[in-house]
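Notes follow the structure.
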Amino acid sequence: MLFGLNILLYFVIIPVLMLLGLFLCQKDNMKQIRTVAVVGSTLLVALSVYLLVDYLALRAAGETAQMLYTDSWCWFENLNINLAVGVDGISVAMILLSAIIVFAGSFASWKINPLPKDFFLWLILLSTGVFGFFISIDLFTMFMFYEVALIPMYLLIGLWGTGRKEYSAMKLTLMLMGGSAFLMLGLIGIYFHSVPEGQQLTWNIVEIAEKGAIPHDWQLFLFPMTFVGFGVLGAMFPFHTWSPDGHASAPTAVSMLHAGVLMKLGGYGCFRVSMYLMPEAANELAWIFLILTGISVVYGAFSACVQTDLKYINAYSSVSHCGLVLFAILMLNTTAMTGAIMQMLSHGLMTALFFALIGMIYGRTHTRDIREMGGLMKIMPFLAVCYVIAGMASLGLPGLSGFVAEMTIFVGSFQHTDMFHRVFTIVACCSIVITAVYILRVVGKLLFGPVQDEHHLKLTDATWWERFSAITLIVCVAAIGCFPNFFSDLIKFTFDPEFFTVLGLIK
Amino acid sequence: MDYSQFLAMKQEIGLLVIFLFVFFYDAFMPKKSQGALAGITTMLFGVFTLYGFFCPCLNGACATDAFAGMYNTSAIVVAIKNILNIGVFIVLIQSMKWANSEDQVIRRGEFYELLLVTLFGMYLMISARHFLLFVIGLEAASLPLAAMVAFDKKRVESHEAAIKYILTAVFSSAVFLMGLSFVYALTGSLYFDAIAAKIAAEQGVMLIVAVAFVIAGIGFKLSLVPFHLWTADVYQGAPTSVTSYLSVISKGAAAFAFLVIMAQVFGTVYSQVWEWMLYALIILTITIGNLFAIRQRNMKRFLAFSSVSQAGYIMLGVIAMTATGVSSLMYYILVYIFSNLAAFGVIQAIENNTGMVSMDDYKGLYKTNPRLSFTMMLAMFSLAGIPPFAGFFSKFFIFTGAIEQGSIAIYVLVLIALINTIISLYYYLLVVKAMFIHKDECKIANFKSACSERVAMWICVAGIIALGIVSCVYNSLLDLTNGTSILANLF
Amino acid sequence: MELTMLYYIIPSLIMFCCGVYGFITRKNMIAILISLELMLNAVDINFVVFNRFLFPGQMEGMFFTLFAIAIAAAETALAIAIIINLFRVAKNIDVEDVNEMKF
Amino acid sequence: MELVGSIIMLGIIVLSIIVFSVLTVTTRKILRSATYLLFTLFATAGIYFQLDYEFLGAVQIAVYAGGIVVLFVFSILLTSRPGDNSAKLTSKKHVLGLIAAVGTLVVAGYALFSRCTALCTKLSPMKDYTMDNLGTDLLGSGAGQYLLPFEAISVLLLACIIGGIVVARKR
Amino acid sequence: MDITMPLMILAIPLGMFLLLGLFGNKMSHKLAGWLGTLGMGTALVLAYTTAYQYFFSGSELFINAAGERLQHAVFDYTWLEFTEKLIIKLGFLLDPISAMMLVVITTISFMVHLYSLGYMHGEKGFQRYYAFLSLFSFSMLGLVVATNIFQMYIFWELVGASSYLLIGFYYTKPSAVAASKKAFIVTRFADLGFLIGILILSFYSSTFDFVTMTSNPQSVFASTAGTMFMGGSVLTWGLVLIFMGGMGKSAMMPLHIWLPDAMEGPTPVSALIHAATMVVAGVFLVARMFPVYIVQESALEIVTVVGALTALYAAIVACTQIDIKRVLAFSTISQIAFMVVSLGVARPDFHEGLGYMASMFHLFTHAMFKALLFLGAGALIHAVHSNDYTAMGGLRKYMPITHISFLIGCLAIAGIPPFAGFFSKDEILTAAFNNSPLWGIWMTGVAGLTAFYMFRLYYRIFWWNNPDYGHHTPHDGPWTMSLPLIILATISCVAGFIPFGEFVTWNGHEYIIHLDWTVATTSIVVAVCAIALATVMYRKENAIPTRMKNAMKGLWTAAYNRFYFDELYIFITHKIIFNLVSRPIAWFDRHIIDGTMDSFATMTNYASEKIKGLQSGSVQQYVWVYLVGALLLAGAVIVFVI
């Protein structure tokens, strides 16, 4: 409780207030707009940190409920749709991630042009959806917020994007909506099988999980529906193709938010809905999706090796990394799933950092083609160093977030009793080499070597807001990398140990 | 003879009173006071709409049969009439400027009269529990509309549309009556309950043909594929006010009437006879409507096809044959009214001011007329089913209602419908793209739309935003339908 | 030879089909309207015949026909008004020329 | 004997219905078409008379033959120009029309013949039904009485009149 | 034991890295350089103290009553907990080899820090250089004191990264960038093997901890028994994969190709990373896991074969190179291969695992004299501004200090008594002969080659001819450069007399070194002969080398081109991975996968275009469709449902 209201509600209330505030701003008054954005996002960060601390305190005090801060308000009572909120460690981590990235994103779009007011309106609407999604434990509200988060992308990319933006925006929106079509069917299906015959149907995730009443045959049908539905947003092969085009065309802050947070909605959803509610089907059908996600991991990395557009490289790298998230979730054991969540955190921060830097570089050089750039280390050392750090995080250097996440995934996955899973883990491991190849290729071409274009010599290094945005993210990346156990414990507590042992998957 | 039975028909009688008032006012009042006609009618109708909400029937206390079961009213029926009333009220506000325009002022009184009579016809369609009354209602709801479609005397399209409309309408009613005659031959009655009582025993080829013809007859009004072909041409040719009326009110009434007939008359032969027909029709309707909508540039024609595919979604509420399905259908109609009327409001405002109706003319509209484009965008998002706008909720609930039926086939059907929402999202976004993203100089200069148009748009926007989030609307609709397990007894 | 219902139904059916045929093939709109009258008329016969043969104890079919005739008259009147209106504008009532709006 | 008379009468009626229906839709002169329609309508009235629905027959003649056909003739004269025969049909349309007509015939015929027993019903005596009854039924509110449709159709007709006027008005 | 000192050994370099990395730009070169050196000096003192305590304090933490040296984890913090058993800890393990490595690393690192003050003087990015050096020292120290295999992996990666940064120090030079990239990717590939090896071992042993793993490997890995994978037991697979990680770092064939290129980095870096410390990490890794390897001797045999082949290969190649740093690089590869072979041939039943001790001994001595040689080479390059010996000659007159120290280095590596290399190499050869005469003879031959190419190099640099250096006469470096040379030369002279067996053996038992004179004599004879040959050929400028070259043209060209390994790699990476895998995948993604998605849209549009005729505008067609639709509806239900 905070000022008499459930603390979680503030994560929706603050963005909505920000929307109102922005609405009242004058059209081109950058100062007002920035003030609203910065104040709001700072509040969100503060609130999420407070939530984290408070959550840990509650857990330390021996609170063992699956979800904390649960609350439920009746909404559509006849359909038993409630505005049910609640968080566990995973959601807390995700909320923290979102708040940080929204914060960094606000700074990264300090000088957005044209129509700054509209830009922030849509951006904040998007984050409203994101926060709403993470705090919900009701399938309906979850889905609603999920779609709220998707649609602003169309305008954000279409209006402020670059390149083939209209095509990309349309493709991205339609593909993601295609995913949510499957998802909607799956969710409704879950609702109608949520409880044993004769009881009041429910949308509440916790209740459904407790009852575990979804019949086996229906699980086999509903699991792929929801998994594919969320998987599209999680860039699962072969439904990932929106990602390169979409990211390449999106403006900086949108790429950050999209790759950093929105793609996490996919992974989170896969975990929270598909795996959590239908573990039996997950166990049985995992192999299909393991193959797909395994392909994602390696395939995305290989594709990234030959791209020449910075954003394309990063987008394919996201495909690979997010593939690893889904891959780990499918392993159905605590360690791997912890790794998956950590990978989400890690990838979210790191890729946001990447996109922020790419945006800053692009804003100066007006090209993203690595063949046309070179030696930027000399010209803009700050950005270049940040880029190297981001790259190192991406290829899994210890001390940065990527390493701990990937290692947790690999170790966890390899604990699987089934040989097939272990062999696939090894396949997924191979991505670390390929990642090194494409990251070093970019770093070598872009930052090192002689300066390619003499015009670039005149360019300046990062401004203070850009530095601020980048440093924020780097600090977070390093924090996860250096103190992984803190995050790992935060996440791990959530998993009910019995949940997986029932399936007999743990040695 | 018991004339007191007319008292059961409070809403119809109220409507007729307004009709007569307009008729006499138009006929006998001096010319200088004629100018107030539009305002007075709208206001009267507003009062009448409000009255509907306080009508005692809403409490569910007076589910009445009158005229030996020929006419029926109940809480649900009153509710759907109220929903239609709201829509008509918005249409009336929207059309004020057009009705008072120089070209139309001579036909202003007739416009209102005909509109009210068609609404009366729709009331009868909804309340009828006898096929004769139903047919009369159907005809009353479609024939005067043909005249209304022809209102725009300066445009040949308007006449063409009227011709197409009336010819297809009569043809379809001939087919419908043919089907009815078969039904009569099978059961020997035209009372719904009498038919329902006998029909289960009379299955066979004849019943199938009869049902197919009946569906075709009402499908015409609903513009279900393949009975929809008139829709686009008529929508495009008709004056925009009439188009908006046609697209929401006429369709909404027909949808509910269709539900009543299918559930109450043919409910007992659901799975044997018409379940699969509806599957086919829904898939065809949604898909073909979408496919045609993709390639339209004329906004009215575009919305025509969009409304074709929307009709398919509405039918999901019928095929469900569940209480949730029924309330979702009503809710869908309500939301659809607001969303579509918002779109038509914008189209009408632009058409009245500049005469442009092509999507290409809308390019860059956001720069010149941000509010209109914003309203249009909300309408498009709502029609596409994007949260947090009402369209999302209505779509979600109608899918929920359909799936409650529970068969595998319905899952497949809903999946197909859902995949089609992607196509529909595509074309709705095309409009948004034209308005917001296109960098071209906009052909439409900034203008201030008339007060009435703005009021209508505000109402629609408020509805689009509030109807979903404020759950009591849907809850109360569900309350009406819940508690009755067998659908046939619902009404 | 017995006078069964069959002998009354067959002409009505043929009349209906002629109406369909006429609607689809005629070019003059009034001719199309005439075809429509045939169809409506056929339905009327159906009702009457079914009533008389199958349910001689009641009059619903007869009444239905009675009202249907009235409706048909109204339809025809309105349709003719519209056609004449079109004629005034286009000087032509050929249905094939009425296809400005398509696709 | 009465039976033979009826059979002959029926034969004439049926034949004329079929022949004139076909002629109505096939003749190339529009005015003739209207005339054949008139004959068809008369023949229909004949059926009504034969089935003891005298009132209905009268209405048929008065409204259809007397009203509608005259309307047709007037409008034909109004709209047609001298020598305005309809051109020869394109074969495509012909085929389409035939398909639709035959299709209808097959489906509806199959539907009817699927209930052979009903089709073979013989004429049975009708209950006594006078003009009095008819009047009461038309204005009564009980079961099988039609006050409400009667009132409703009046509104419909009024609306059609208004609509007709609006449409036909010059401005 | 007090944890402050060990903690500080790690913390000081890390702190230096952060300090210099974040604020280095604000400092002057001098301040930054001295700060770094000072930090390293402190670490050096602490490390020496720690090692001294370990070996000589006699504390029962370190040595038990039976005289066995023990493994002692000074501290062990939980860093990341995967499962209850699988925990990554960050700790500090003291045992003979880690104590020895502490000494080696801090010594060399300090020397290099000191040396660099002169060598890197005035370079742009001086502060960055020292920051990276500190980072490397931290990582390397962390690696050797790792208490568990995952900690080792972590620092293993960090070492790789800092190596990457240092090789690419001259980032504007494309060749340096390419070399750094190559080094990182090749070692990364090897690390993949390491990682998989860790996964396999930890899966079966349920632990990462070295002590647990090595104290009783038979029972810890009991569950691997009988589990086969593709024809090998899983334990063999695991160990070989772990060794693969070692092969990458230690530049064993065929993963050696990065090391010669890594010479693009500043020479002191080569001395530190690519001669003395990082490259021996692989040897260290195998030594660390040695008790486990013993369980699976087939893995050890693979280690031997790889080492022996590499040793010969590198020695041959070294005979033909012109670039002095490359000669040294190949010599390093060859010498590390010696250590690997030594480990591979070690068996516990012979002299307490003599090979193990010999390997560690050689590691120690080699670190000293190879660092010496590299630093000497650095002084030469600094003076002549060229890496090729063709630009040198007769330098003995100009650079006496360098000359003497370089000669000492050469003698040490050639195995001439009483210099350090003789003793360690002799033990290796003894161990090899003991295992199999084949390896003994093989390695003796390689030792001869070593002596030959080192003296070839020596003569070419310091004798051969007297080129005209013009007005820019070469001279010895400043004292900061000379001092490390002198110190290291001294160590190289005396290190051989350290009774190494008393300190380092595989099981902690003391072992008294005694020379096997047959082996020693043979090796001395071979070495002297080889030196004599080199003297004949290269002391004075003459035509013999050219004649020799022409006589063995094919071999010479192949060796000069390093037996075309680089070309093979380029072929594999560019032609196969890039052109045959990545590009097709990218194409496939853009055209097939994305094309499929796009084709949904295209098909929809196409369908929309195709069916537009339905809406023809003709009302007659409309009703036709209407009617046929209704009839079909009825017909379909009649046909399908009834």
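By written order: A, B, C, D and E. Residues from 1 in each chain.
The rule is simple: a residue touches a chain if its C-beta (ideal position, glycine included) is under 8 Å from a C-beta of that chain, and two chains touch if they have at least 3 such contacts.
In this text, all values refer to a predicted model and were calculated from it rather than measured experimentally.
Visitor: Can you list the groups of chains that still touch once chain C is no longer counted?
Guide: one piece
Visitor: Could you tell me which chains are in contact with chain A and with chain B alike?
Guide: Chains in contact with chain A as well as chain B: E.
Visitor: So, comparing C-alpha centroids, which chain is the farthest one from chain A?
Guide: Result for max centroid distance from chain A is chain D.
Visitor: For which chain is the distance between its Cα centroid and the global protein Cα centroid smallest?
Guide: Given all protein C-alpha atoms shown, the central chain works out to be A.
Visitor: So, comparing C-alpha centroids, which chain is the farthest one from chain E?
Guide: It is D whose centre lies farthest from that of chain E.
Visitor: Would you kindly tell me how far, in whole Å, the mean C-alpha position of chain D lies from that of chain A?
Guide: Chain A and chain D have C-alpha centres separated by 70 Å.
Visitor: Could you work out how far the Cα centre of chain A sits from that of chain C, in whole Å?
Guide: 65
Visitor: Cα centroid separation between chain A and chain E, in whole Å?
Guide: Distance between chain centres: 37 Å.
Visitor: Using CA atom averages as chain centres, what separation in Å is found between chain B and chain E?
Guide: The computed centroid separation for chain B versus chain E comes out at 77 Å.
Visitor: Got the chain B residues that touch at least 2 other chains?
Guide: Residue numbers touching two or more other chains: 132, 136, 139, 143, 146-147, 150, 153, 162-164, 167, 171, 178, 185, 204-205, 208-209, 232-233, 295, 426.
Visitor: Would you pick out the residues of chain E that each touch at least 2 other chains?
Guide: Correct list: 601, 612, 615, 617, 619-621, 623-624, 627-628, 631, 634, 638.
Visitor: Check each residue of chain D and list the ones that touch at least two other chains.
Guide: Residue numbers touching two or more other chains: 93, 96-97, 100, 104, 107-108, 110-112, 118, 144, 146, 149, 153, 156, 160, 163-164, 167.
Visitor: Each pair of chains that touch: what are they?
Guide: All chain pairs meeting the touch criterion are A-B, A-E, B-C, B-D, B-E, C-D, C-E, D-E.
Visitor: If you look only at chain C, which of its residues touch chain D in the complex?
Guide: Result: residues 1-22, 24-28, 30-31, 33-35, 37-38, 41, 44-45, 48-49, 52-54, 56-60, 62-63, 65-67, 69-78, 80-85, 87-88, 93 of chain C touch chain D.
Visitor: Any idea which chain D residues touch chain E in the complex?
Guide: Its residues touching chain E are 93, 96-97, 99-100, 103-104, 107, 110-111.
Visitor: Write out the stretch or stretches of chain E touching chain A in their complex.
Guide: It is residues 78-83, 86, 88, 150, 153-155, 157-158, 161, 164, 168, 171-172, 174, 177-178, 180-181, 184-185, 188-189, 191-192, 195-196, 199-200, 202-203, 577-578, 581-583, 585-586, 589, 593-594, 596-598, 601 of chain E that touch chain A.
Visitor: List the residues on chain D that touch chain C in their complex, please.
Guide: Going through chain D, the ones touching chain C are 3, 6-7, 10, 13-14, 17-18, 21-22, 24-25, 30, 33-34, 37, 40-41, 44, 47-48, 51-53, 55-56, 59-60, 63-64, 67-68, 71-72, 75-76, 78-80, 86-87, 89, 93-94, 96-98, 100-102, 104-105, 108-109, 112, 118-127, 129, 134, 137-138, 144, 146, 149, 153, 156-157, 160-161, 163-164, 167-168, 170.
Visitor: Along chain C, where are the residues that touch chain B in the complex?
Guide: 16, 19, 23, 29, 32-33, 36, 39-40, 42-43, 46-47, 50-51, 54-55, 58, 60-61, 63-64, 67-68, 71, 74-75, 78-79, 81-83, 85-86, 89-90, 95, 98-103
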